[in-house]
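Two complexes follow with chain A in common, the first pairing it with chain B and the second with chain C.
Coming up: the complex of A and B.
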């Protein structure tokens, strides 16, 4: 969300976002950049009232101006858009390292989110993703800027980013990073507040092993949280799979048929992963809910 | 790598005598005796003990024989596997060049100690007793089942001239390759195309099939397997892996051009000029169809001999 808009920033804690991406880039006009930079510390406070993780998106063209304005205690990640080379990331890493030292932030706390949005970035994806240990997640180039750079339409009925997505996710796997991205779902409207599409996309992404999603409209927060969280039935099923596999293992067998489906060590590992993820989601929801309640109580008291 | 017809690669747990017996009558072009995923740790020794006889049995049944080894147990598995009749090994879980070189080096030692060379094509009566050349070296099939392995596929393929074929394996790819609403597996199209491009660029055979989300891949039923094989052939594979004997027939069928395709190709080469790529594609299809027929014939001859 644009960090120069107090109406958005001051209500950001109520949105139930796992993370907030306060923007200094595309959503802030040039004339407001200085003002936007001055608002970072206020935004951190506002976002943390709802226990959201605070990310700041800077401009790729002037990291030397943006990074000192963005790296403060409480910031978890600097998002670097239109990443095109490893050198850019190494420079960003050096800036952050120095600011962590000067501002008393534990070394390595601030992560880098490198976003690929140009064809040059796609071509240099491996170099970018491996340029800093601060990068712990990576995905392929999609979105508005990518479409513009490729000279194609963004909202079409087929996946025009097959190569970019594949390349990005394979690189993440190769480097042991969290995979970012999404599953293609046909969208020819471009409606960024489409809750129905958002939940379908989030569910599909989760089933493809992805765990995050972003959005530009508050309408899509709840659908994304819901779609990316395993359902109660799925968790129950995963426990059954694990029990079944444990019995197989005890009998010295490697696979078996459970209600018409094959269970083997891969299914068991998938089940284990799902249970762990469901537990992390529940923990996160509880954390956010407690923070919002506390903030609301404090506000009541003040009033 | 062209020359061998390997449409169906049937993976069989090497400790399971019933499954081994089924495999011997499956008509698979290749039987992969498994010492890895389908064999529980407590049965590894039984599986290793079975390998030597199983190689001979499968060979007598007209199949080429590979052994899938466990990369963490590679020495013991190769010692149990390098016997007369073996064509090569399937090496899963590879993430670096040294692992391929290590496997190649162990194979070289065992070939030398035991006088083992890669056997001639099934049905061919000649034995290769001449001085050993690279073409007689036991093959390595790389099952690229990790992100790192796939990303570094080119280097891994170049690590040994024994590497003659590759496939996408399970492991962390299957952990992440999951169904999408479209019915395709997540990232399957990209990874498949990448594998095919790299394999062809380095002259090795890409092995695989275009599995869909609903078919549960290597244990799919007849129709899903047939479709995966047909689509796989259209995508650039010439054979795929499977784990059930019921899948062998649809694999062999799907990877063999149909009579209609052959007759269409024959028509094309009579109407198109010989320099045209369309004519070239048609000629390749006819040649492949003939190779498939020859392979089926040689299997029939070998099994008839065995039954006499």
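Coming up: the complex of A and C.
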């Protein structure tokens, strides 16, 4: 969200977001860049009221001005848009390292989110993703900027970014990073607040092994949280799979038929992973809920 | 290289004189004179002897004329082709930067010897092997003459042992890689959507248009047209849609107003769309491309007018 818009920033903690991406880049007009930079610390306080992780998206053209304005205690990640080279990321890493030192932030803890939004960025994905240990997640380039660079119109009903996404995900896997992105779903409207599409995409993405989402409208937060969280039925099923596999193991068997499907060590590992992910999601939801309750109580007291 | 518009590249066999002589009448942005697929030595000699005259025919409608030589006989074919009026060559089956560097060197030598300004002849790199797809970055960056690059899908099928099949596109990855690497090098990717790259058809104008448009929306800037029936459809599909121009202009106007008010996230009235920098930039790029396409059309119209008055 544009960090220069207090209406958005001051309500950001109420949105139940796992993370908030406060923007110094494309949603902030040139004339307000300085003002936007001055709002980072206020935005951190607002966003943390709901226990969201705080990300700041800087301008790729102004890292030297933006990074000192963005790196403060409480900031989890600096998002670098339109990443095109490893050198850009190394420069960003050096700026962050220095600011961590002078601002009392534990060394190496501020992450970098490198966003690929141009064809050159896709072409150089490996050098970008491997340029800093601060990058722990990576994905392929899609979106408006990428469309412009590819000379394409978006929302035409088919997947135009197969290669970009494939490159990003392969590179993430090769480097041991979390994969970022989303499964393609046909969308011919470009409606940023489409909750129905958002939940379908989130569910499909989770089943494709992805765990993060993002959006431009508060309407899509709840659908994404829901779609990216395993359902109660899925968790129950995973427990049954683990029990069944444990029984197999006791009998010295490596695979068996459970209600018409084969359960083996791979299915068991998948079930274990799902239970672990569901537990992390529940923990995160409880954390956010407690923070929002506390903030609401404090506000009540003040009033 | 200055921005250029080549939405349609009409492929014409040099030995088919009727097609050569009418090639300028189809309104193609570019004509490619094909010297490949000629079996006998006699026919090859005849084709070479006809190239320069063919270039004059093909350029009468303002098309940029290229020659497609045989890879194995490239030097002799290029030597037979380079003359004022030629825009460049199509390099078939490029696999490494060395292929392009060699072509560059031949063109440089001939430019010097034939009174053509240095560096003006261009190269369209066609890829027809897995090696070429893998090495696309070094191919498109091997020479500043490389203006465009695309897959020769039929030969790529042959080289990879693929039987073309309409229901399945075997080159999703290859096309994606060509588009990304070519555009990253500021070179134009050319191609059409499946299945016309491997199974071209010529009698359904709407389908030609739809597949060319899909090609544009995969990132291609133009296509090679094996038949004149593709030319108009490609010229239309690879240009920004005329019915969106007003939308692009309004997007720019609303965004400028928003910025003046201190916001760079502006709702587009009556839609769920937000205009921010990339949306505004997209509108700008489309309007600029529209202008370039209009200029190209005017250039061709002027050439045709000149031809007609000469003929009258």
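Basically, the second predicted complex is superposed on the first by the 303 of 303 C-alpha atoms of A that agree within 3 Å, B and C clash if a C-alpha of one lies under 4 Å from a C-alpha of the other, contacts with A are read in each partner's own complex, and residues count from 1 in each chain.
Please note the rule applied: a contact is a pair of C-beta atoms (placed from the backbone, for glycine too) under 8 Å apart; a residue touches a chain by one contact, two chains touch by 3 or more.
Every value quoted in this text rests on a predicted model; they were computed, and no experiment measured them.
Participant: What is the contact status of A:109 with respect to chain B (first) and chain C (second): first, second, both, or neither?
Facilitator: A:109: touches no partner chain.
Participant: Looking at A:266, would you say it contacts chain B, chain C, both, or neither? Reply first, second, both or neither.
Facilitator: In the superposed model, A:266 contacts chain B only, not chain C.
Participant: Return first, second, both or neither, reflecting whether A:85 touches chain B, chain C, both chains, or no partner chain.
Facilitator: Touch status of A:85: no partner.
Participant: What is the contact status of A:204 with respect to chain B (first) and chain C (second): first, second, both, or neither?
Facilitator: first
Participant: Of the partners chain B and chain C, which touch A:166 in the superposed model: first, second, both, neither?
Facilitator: both
Participant: Figure out whether A:29 sits in contact with chain B (first) or chain C (second), or with both, or with neither.
Facilitator: It touches chain C, and chain B stays clear.
Participant: Tell me which partner A:14 touches in the superposition: chain B (first), chain C (second), both or neither.
Facilitator: Neither partner.
Participant: Figure out whether A:130 sits in contact with chain B (first) or chain C (second), or with both, or with neither.
Facilitator: A:130 sits against neither chain B nor chain C.
Participant: Now for A:295: first (chain B), second (chain C), both, or neither, which partner does it touch?
Facilitator: Touch partners of A:295: none, neither chain B nor chain C.
Participant: Give me the intersection of chain A's contacts with chain B and its contacts with chain C, in residue numbers.
Facilitator: Chain A residues touching both partners: 162-163, 166-167.
Participant: For the complex, give me every residue of chain B touching chain A.
Facilitator: Of all residues in chain B, those touching chain A are 13, 37-40, 42-43, 146-148, 150-152, 170-176, 178-182, 186-187, 189-191, 194, 216, 219.
Participant: Residues of chain A touching chain B in their complex?
Facilitator: 126, 162-163, 165-167, 169-176, 179, 183-185, 200, 204, 207-209, 249, 252-255, 261-262, 264-266, 269-270, 273
Participant: Within the complex, which stretch of chain A touches chain C?
Facilitator: Going by the criterion above, the answer is residues 2, 4-5, 25-32, 118-120, 122-124, 143-145, 147-153, 156, 158, 160, 162-164, 166-167, 189-194, 216.
Participant: Where on chain C is chain A touching in the complex?
Facilitator: Touching chain A: residues 137, 172-173, 175-177, 179-181, 183-184, 214, 216-219, 221, 241, 244, 258-259, 262-265, 272-274, 276-279, 281-282, 285, 289 of chain C.
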